[in-house]
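Paired with chain B in one complex and with chain C in the other, chain A is shared by the two complexes that follow.
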Partner chain A sequence: MTDKRPKVLVVDDAATVRLYHRTLLDNAGFEVAEAANGLEAVEAALSTAFDLFVIDVNMPKMDGYACVETLRSETVGTPAPVLMISTEDRPGDADRAYAAGANLYLVKPVDAERLARVARMLTAGIAA
Partner chain B sequence: MGLVRRDAPPPEETAAPPTTGTLMRQLDDADPDCRREAALGLGGVAEAVPALLRRIAVETEPLVRDAVLTTLAAHDTAKVADGLGGHLASDDAGLRTAAAEALATMPVSVPAIIPGLLTDPDHDVRVMTAMVLADLPHPESQAWLAQMIAEDAHPNVVTAAIDALLPSLGPEHHDLLRAAVQRFPDDPFLRFTVEAALR
Partner chain C sequence: MNPLLAQFLAEAADLLSQVDEGLLELERDPSDPELVNEVFRAAHTFKGSSGLFDFPELTRLTHAAEDLLDAVRSGKLSLDSGMTDDLLAAFDLIRGWLAHVTTHERLPATAGPAGQSLIVKLRGPLGGEQATVNPDVAAALAGPVIDRAPDWLALFDPEWLEKTATWLSSTSATMRFVRFTPDQGCFFRAEDPLHLVSQVPALAKLDLIQPFEWPPAEEYDEYACLIGFALATRAARGELDYLFRYVPDQIEIVELNGDAIHRYVAGEEPPQPRADEAVVAAVAQSHTENLELARDAHAILAAAQRSLALEGSVSGVRLSAVARSVAAAAAALGVPVDTADPDVETLKAQVANLLTEVRPTPADAPPTPPPPPPAERAPVDRGRADDPGGQVGTRILKVDQEKVDHLMELVGELNVAKNGLTFLADAAEEEFGSRVLSRRIKDQYSGLHRIAEELQAAVMDVRMLPLSVAFSRFPRLIRDLSRRLGKTVELVTEGEDTMADKDVIEALGDPLVHLVRNSLDHGIETSADREVAGKPPAARITLTAVADGDAVIVEIADDGRGIDPAKVKHKAYEKGLISEEELETLTDSDAVDLVFRPGFSTADQVSDLSGRGVGMDAVRASVEKLGGAVTMRSQLGRGTSTRLRLPLSMAVTQVMVVSVAGQRFGIPVDLVVETVRVPSAELGRVLHQDVVVLRGEVVPVIDLARALDMPWTPDPAADRAILIVSMHGQRVGLLVEQFHREVDVILKPMEGLLAYADEFSGTALLGDGLVLLVLNMKEVLSLAARAQ
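Our next item is the complex of A and B:
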């Protein structure tokens, strides 16, 4: 039997954050893969069709904004929704995320119920 | 047919290496490759540090930025640490994370700026400081991270410090982690992080 669960790529340099989001999304019915930075995420997106990206902002090698811009570029061109989750809550952070191509920007921490709800809405094509 | 002796080719003219002044001017060249070459060519040139610090504040090309930071970090001086420490508050995510990576390779000069970073009023700067301490090869790094976990008022800073300390966590840290959960009982991620660390 094939796995019909929506595929999510969790992108964060912090191992505990990846584990946290993996656990919450797995419990909510998603198939979860991980990447530790933007470059790994882009490489993964070139070989796998994900249904959702959950991306941090501050990461080594390629930050979250650059990652989203690359995912939206002609090179990758993925239409999958992007949820950015960051510790950054400065004025303008969300605007920067949306300008890069993110669908939604949330500030950490995001509780289990909210993350599951937002992930379901984004993968269903509903603006969260 | 016998071998034909050819005249030896004339020696190639070798250009003189660019002067420090030329390289410093090339840091502002319109061509990113030229700027990158200039940054790398200024390795070990102390008088170029101010120009490199000015460049890193405005550089947007990742490859050039990496070259400038590599050259700056190799100096590992107070001036460079102060200059790069200021970029931990940058609105440019690429710059602040690249600055954090560079600072983590400067164990001589960075310890002097850590006390100031730990008390920075911007909690995002303190989160970035945890990223620096995660990789800073210094005997006090773990103690500073433990201090952040015990005392910082923002849960995102505490969880960043826990994540940074994770590779070296031992039984001696368990009470510290439990106390952090008690300080932020309503933070689900912090609780999850501590439970994962205690497993």
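Our next item is the complex of A and C:
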């Protein structure tokens, strides 16, 4: 059964936000792992094939943009969907995320149902 | 408290101290970009998490602070001390709010105005607060869209609705309305709807939804849940989603503002759906879920289009990622496309196609059902939500202090139980005459003893904290106080990595604060005075910690004016603390020690800083209570240093057990110099004081039984057992009935009525189940002095 659950990596430096996202995604049928910054996320992605990434923008050590770029680079090379979630809604931020390789840019706080819906939509092929 | 809020509060404490520390360092070195970044990030993270809760004032205030820090970070502003003050004040206020949240789970009622005045200050350097905040902020704070009023709003009392709407309009706030319809069989899944509802934070109104018609008595099933709840709350959407996370299909949440409620009450038409909703409504009408699904798919396609347009060369992994998301969105819309082996141009065309297809077309677009959720919903394992098992990276556990305390208590009990074995061994031999059994028990004991010792060491190690915990408040304290006093002071801390037991660190707090305040207030001169004295204008206070065997030494040194021994002696004489003879004979170092005498204060004027009625005598008393010692050295004109010596751990105390009048008492081994037995004839008497001569030194002897008011007549023929202890460098003999062994005990403070019995410093349980009272020697000696 656990094999069927799509794996998602939640990347955020705020433990509270991680707990929130973990809970929502866990309930939405995902197997959730966490990372506290971009660097940890990249390390995790090197050892585990995740089906989805939910990544915060502003983080210490390696921010969200750099993290997505690395995930898409040859180093990691994962085509798994990436949701970027940010506190900021400044013009240009979304484009930066898309340029880095994200698939959808959402602004915090993300509505719980929407997060679950988008996450399921983007991983529909995996669990089927 | 729900775990999400608990997590937030725990994280907030860490972030706030990071901010504080960073700001103070930043003031010293405003040019360090990494430092600014650190503080900014902590504030930013904090704001992000706060947004999950309904603490709008908190989010607004952190946002203002974050904006100011952002301006500093980007070099638009340079941080001055006024800004630092405002920022510190803002985070202080937040800390106060969080304390309130911890107990009440909501912000204090005064949060609005208090926060607002700080927001104005913080936004001052940014060109003042825009009359109506900036649009970004407003958008971020406005929260989610206002929903349409549902028909079940009729469940609420219309008068209450009207009042609420008016109030909401006046504050432009919103309220969440929840309808919770528990499943009839919910009790069989160990769900407790009532408990769930009782946990809704900031509940404004709760109504019960009863079945339209109750079943007749003979058909009534008391194990079926037939009722529902309608409630109104100020809690944020995130909190509600979190609370009802296991029953998402049983709840309906709408967000309404004053206007929406007004319109509902007045029976007006609900507002038209917004334009973009009309767009997708063509594809998936009627059902809101389909509509939202379509909207999300649309958003993903739009994002893909954006990605493809941004760069001429989207290729490799990035391209396949985009292709995959397009395929997923298309599948969700019910128009699957083949995106295998994509090339940019084909993909672009496909996306454009899909996006136009989603555009409003005549009603022929078939509303395709959304694909079923991935697999069947995996059963929810309730333990998982809080389980950090999947966390990558950090291997550090944060443990509640109480748990560690509890472990320590258990170790103490284990020790007691272990010691019981030695009594059992004695009994085996003496009462049952089996030496073999006795030895076996002793073997068993030594094995257990080794394990217990290791366990104890391990738990003690967990309790160890670095001294930096005790030092951390001083940068702020010194900064604030030195400014108020108009002095310039630099703080240097050394050895803050030195570890000591958490109880020692906690107990060290107050004496340290007192000593540092004293230094600032009395020791350190104003810059002008310092220059006259040929010293650098900035004074220096050094806090040093070093480990010394099983003790830790903390020293507070300043390079201030020092203590004038002549002045101290004179003052002590005036106050009647020393005799005229002592005035002449006291050495300088003894004179300095006079400041520890009760009733002594060197300051001519009592300032509002240190003159709070607590003197150096209180410092000495509290340090001695911890089993430590204080000494002070001073050089006139050069500075003063105070040295605190404390045991590394207070958890385990070694005591010497003695008995008096048939009762056993413990005396801390640190104080014991030796045990002697002298023939009763050798006890002398000088001026009503019993004395004994030991190696040419006359030592006063106190009858412990008399001091404790316990009648006892020693056998005149027997030798006297005298325990020699050392107090403040003075030797004193204690007449006791018998010496026993030394034991390691876990000292427990005196509680309840006994808390007033100052002559005891605590109690401990012995292996044979007896309670041992441990003496506070200082008090016992003064009791003895009074008894004579």
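Convention: the second predicted complex is superposed on the first by the 122 of 128 C-alpha atoms of A that agree within 3 Å, B and C clash if a C-alpha of one lies under 4 Å from a C-alpha of the other, contacts with A are read in each partner's own complex, and residues count from 1 in each chain.
The rule we apply is simple: a contact is a pair of C-beta atoms (placed from the backbone, for glycine too) under 8 Å apart; a residue touches a chain by one contact, two chains touch by 3 or more.
This structure is a prediction, so every number in the text was calculated from the model and none was measured.
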item: Partner chain in contact with A:90 - chain B first, chain C second, else both or neither; value: both
item: Partner chain(s) touched by A:124 [first = chain B, second = chain C, both, neither]; value: second
item: First, second, both or neither for A:15, with chain B first and chain C second; value: both
item: Partner chain in contact with A:98 - chain B first, chain C second, else both or neither; value: second
item: First (chain B), second (chain C), both or neither touched by A:112; value: both
item: Touched partner set for A:23, first chain B, second chain C, both or neither; value: both
item: Partner chain in contact with A:65 - chain B first, chain C second, else both or neither; value: first
item: Overlap of chain C and chain B interfaces on chain A (superposed complexes); value: 14-17, 19-20, 23, 58-60, 87-90, 108-109, 111-112
item: For the chain A and chain C complex, residues of the former touching the latter; value: 1, 4-6, 9, 12-17, 19-20, 22-24, 26-29, 31-36, 40-41, 43-44, 56, 58-60, 72-74, 77-82, 87-90, 94-95, 98-99, 101-105, 107-109, 111-114, 117-118, 120-128
item: Complex interface listing, chain C residues touching chain A; value: 3-4, 7-8, 10-11, 38, 41, 44-49, 51-52, 136, 139-140, 144, 236-238, 241-242, 245-246, 248, 292-293, 296-297, 299-300, 303-304, 306-307, 310-311, 316-318, 320-322, 324-325, 327-329, 331-332, 371, 373-375, 377-378, 380, 384-386, 388, 390-394
item: Chain B residues touching chain A - in the complex, by the definition given at the top; value: 62, 91, 93-94, 96-98, 100-101, 123-124, 127-128, 131, 155-156, 159-160, 162-163, 166, 187-190, 192-193, 196-197
item: Touching residues on chain A, where the partner in the complex is chain B; value: 14-17, 19-20, 23, 57-60, 62-66, 87-90, 92, 96, 108-112
